[in-house]
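Each of the two complexes below includes chain A, the first together with chain B, the second together with chain C.
Our next item is the complex of A and B:
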């Protein structure tokens, strides 16, 4: 298109200026604050260099938060992808296109729910006395089952909610990906008497390797925002057993001590990690 | 052959179980919203009970819930409106008038979608406090515009790219200017996908929690914050009221589920063609 229209500039400039201002001002501000010793009670801060970052690495709660966040990433990304691929294949293989459509619609219900709602729905379902999910255990053993107050099971229980939301949703995406594949390789494999699982392991999934890896990266970044679920379901407890990075940053900055600068240091580290992961996705998706 | 059909049957059973797990928790919550407290706090879960509207009446009658609903509607609505007005033309410019920065612009826009909310909320809290705009709907609208604008641009670029070029060429031959082509041709043709993009942006900010939690304390609190405060109540938890407020919070996103799944379908149709 060789027109010298003003349109691209008129259309693009306002949006980009607004986005740049709204994104860069907080980012720069976060970095500046992280080099200061600001607190909520005091509006001004002094420049302290890397003190906050150095303090972070000798902070055992921060190290704990990294561990919790990493376990959270591994659990939620791993199970989400497993369930997505498993259910996606079943949807593709076992039911008629009509049923597929209905099931696909039902499977996106959890992810559309506000996370606060999802968290509450499950928090109540796991209630030791009145919960519907713990009822069978209680009926059989006569003992209440309190998964969310047990440091060993709390993180897994919250992760279940995340996987419930994302695994079902991603299974619909896997189904759509399978539907876009050409049918010939499937038929060829069937003619060679390949069993169903062999068709998927050796033919279909390798063909979908690139989009599936991208999907896993998207989930990795999405999993960094565990905050809403954890805040409603456990508030980082019992103890600090479910305290992820964003939960810890929040409680340092707001609940306990109001150490805004310290919290900001953590936020900057998270930002760096996210940007790295995102750049990898972008490169993979384009090349 | 019989082995195959047993496998198929087992697969169907698993799918049925998954569908049940997808819908039942929400259904159970909705059911509980119509129960009296005595019917919720039972040793065995009750399916048959005398329904009551007290919970909804209480929730809707409470000022805090009503204010939260109002704040959510105003902030989400305004942010989505600004996002659409600025974002749709920008997306069209990216899709139809590519130049050497287009890729970088798309990278920048999409990377914003993945910014950790806590990293945005902490500095913004400091900024809004200094500008004395903390805990106002205005500051929340401006903050949410970052989310809605980035989302609308990101999802609308492919929607505009799918509009057949020939149609726009024909319009140009008929003497339409570039602006007229956007408003009279591209916008109506792409409207279905664009509505999906805007709906997605709305659901995103309606469900948003962390930023609202950090940027509001009383006046501008949104519905998710109010609902989460109800869930933190002490011993005598009013379970019915809680369930009712969760149902209220979940209705708007569920209303859009058809639009969203339609968007998902069209996004993948493009790849296959």
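Our next item is the complex of A and C:
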């Protein structure tokens, strides 16, 4: 009995120690630094209480970054899931098993590409003068199309690349999930004269609720780490129209000012906000 | 004949290196790998072909260069120098030399630069931007001012004389702007950054009589800055697509691919525009100093000795020896042989018969003329990157139309500058 109660600790302790060193130490450091006025060019810092946090809320770039980050999450998660479910059903419904395997292989390629490489490839593809993606528009209208320099289209264009990488990959996962479902509920629904869209809306997708919510969570976490994609394609521009919270924090910490305490304040707020948001969403999802 | 010249040149370089090596090798005994962080430069890539030479000179040391583009290099060097200090040699530039020197992240170069390598031979303008607080901090790899490069064929066809004043320049780019034919009046830099859009905006600001600070008091928020910004935004209407969020690469790429009529850019542009391998318009270009009243943006990039990775005097000497060798007359001669125009910094090389033979007398004259209007346009202070980058973002917002009020943008920068000065004291 004693062995049974101690065994979990034997397995858990090494992992918890590693986690404590890798996650807890930097987190505590970030919290401590956020209450100081440290800058990269100065070795010492003074305790300034909540000054950094108060300054953040009167900083228009920080407020803008919150809006951009939220928009980015909604656009990328929403469209990725839509593409994944739509394409997954289409493959399951209309494509032969042999062709599905070939397409599944092709659809995995974008997500295997290193993020930075994908970003560079698409950045060149969207170039208004030489880009292959903008060439048809230029050929038809005679005018160049500069999507990444337009504040109205820049975020959507970068999001397109993100959805291209993850939407196709998730569609393969949805396809494989559909293939694992038992055929009887589908047959029963069709015997009741359900249309195809009704079969998927009322039978298949409810059966896949738990894995689909898990996929959405994976994508939400992944979208929070889209720094490299945005950094390569727009650097937060034009202006600050694609500047997400992590990009602004990095910019304040290392590119522009070296204000690591101010940047740490942002990181701490991001950590609190994402922990709270994810906890609430997870509880509400009731998988 | 060409082979013979190359052979003679190689023997001369070998003799020169052997003689300098003999005097320095006695003092130097470096065996570790010297780690360098830099931005891509043809001259540095060329150095990697001569690693054996440096090993022999130093007593067995090797070197390893990590390359990052300009903005990333700036961020990475700042982060490295202020934290772990992994690199022995940093690639720094005119914009952050004050920050690196004031923070103690680099060592005074003159203390470790062997006298045999003749630092005084570098172009005086580049020595000036490498100097902060009376001390020299880096040895130049590239630098210079601005030149206006234009398409002779387009100007002649339109009956336009090469502009010498700003009014003529603006009139010319408006007249030559024909997007339907794939020709754009000019190409500016819109990308945020003290070394990007702000760099190209500053000649207008200084040319219109603007100043950054009077002591600790910001004085830039005035008519000169408003006029400079409005002029910059006006010219942007005739700038090539992609330049609104582009930098040097986009502007120069648009010109060398034959899509731009007139371009004012840093002097290395000429070397690229004249190189038939890199330029589709190599035989169609002319060059002049920037039109009055624009000043040229004096700049310099080079190698400096890191203090954290070089804890001992011996380590600093080894780093100094590497920098001296990398920027030596012999290596610069090799760059001239390879046609690396933008990597030439020494007076002795730029005034040599070989330089005149390769690039013609006109370029030498244009460089001399532009030297007269080259100025230090930025605020020579450790906080300059902060201020310049902040203005870069506001300027990018104005260029791309996410904000429209120039004065409001300058007022915001003024508030930031006041806070910046207060924080740095």
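Here is the rule we use: the second predicted complex is superposed on the first by the 257 of 287 C-alpha atoms of A that agree within 3 Å, B and C clash if a C-alpha of one lies under 4 Å from a C-alpha of the other, contacts with A are read in each partner's own complex, and residues count from 1 in each chain.
One rule holds in what follows: a contact is a pair of C-beta atoms (placed from the backbone, for glycine too) under 8 Å apart; a residue touches a chain by one contact, two chains touch by 3 or more.
What you see is a predicted model, and the numbers here were worked out from it, not measured in a lab.
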- Query: Where does A:254 make contact in the superposed view: on chain B (first), on chain C (second), on both, or on neither?
  - Reply: both
- Task: Scan A:30 for contacts with chain B and chain C and give back first, second, both or neither.
- Result: first
- Of chain B and chain C, the chain that contacts the larger number of chain A residues: B
- Can A:143 be said to touch chain B (first), chain C (second), both, or neither? second
- Once the shared chain is lined up, is A:122 touching chain B (first), chain C (second), both, or neither of them? first
- Message: Output check: A:88 vs chain B and chain C. Expected answer is one of first, second, both, neither. What do you get?
- Response: neither
- Given the touch rule stated above, what does A:282 touch, chain B (first), chain C (second), both, or neither? first
- Query: Where on chain A do the contacts from chain B and from chain C line up?
  - Reply: 129-130, 254
- Item | Interface residues, chain C side, partner chain A - complex | 71, 74-75, 78-79, 82-83, 99, 102-103, 179-180, 190-192, 240-242, 244-245, 254, 257, 259, 382, 385-386, 389-390, 393, 396-397, 399-403, 423
- Query: Which residues of chain B touch chain A in the complex?
  - Reply: 4, 7-8, 11-12, 14-15, 18-19, 21-23, 25-26, 28-29, 32, 40-45, 86-87, 89-90, 92-94, 96-97, 99, 103, 105, 107-112, 114-120, 122-127, 129-130, 142-143, 145-146, 149-150, 153, 177-179, 182, 203, 206-207, 209-210, 213-214, 224, 227-228, 231, 239, 242-243, 246, 249-250, 253-254, 256-258, 260-261, 264-265, 268, 271-272
- Message: For the complex, give me every residue of chain A touching chain C.
- Response: 37, 39-42, 61, 127-130, 142-144, 146, 148-151, 234-241, 254-258
- Contact footprint of chain B on chain A as seen in their complex: 1, 3, 5, 7-8, 10-12, 14-16, 18-19, 22-23, 25-27, 29-30, 33, 38, 43, 87, 90-91, 93-95, 103-110, 112-117, 119-125, 129-130, 132, 135, 139, 164, 168, 171-173, 176-177, 179-180, 196, 221, 224-225, 227-228, 231-232, 246, 249-250, 253-254, 260, 263-264, 266-268, 270-271, 274-275, 278, 282, 286
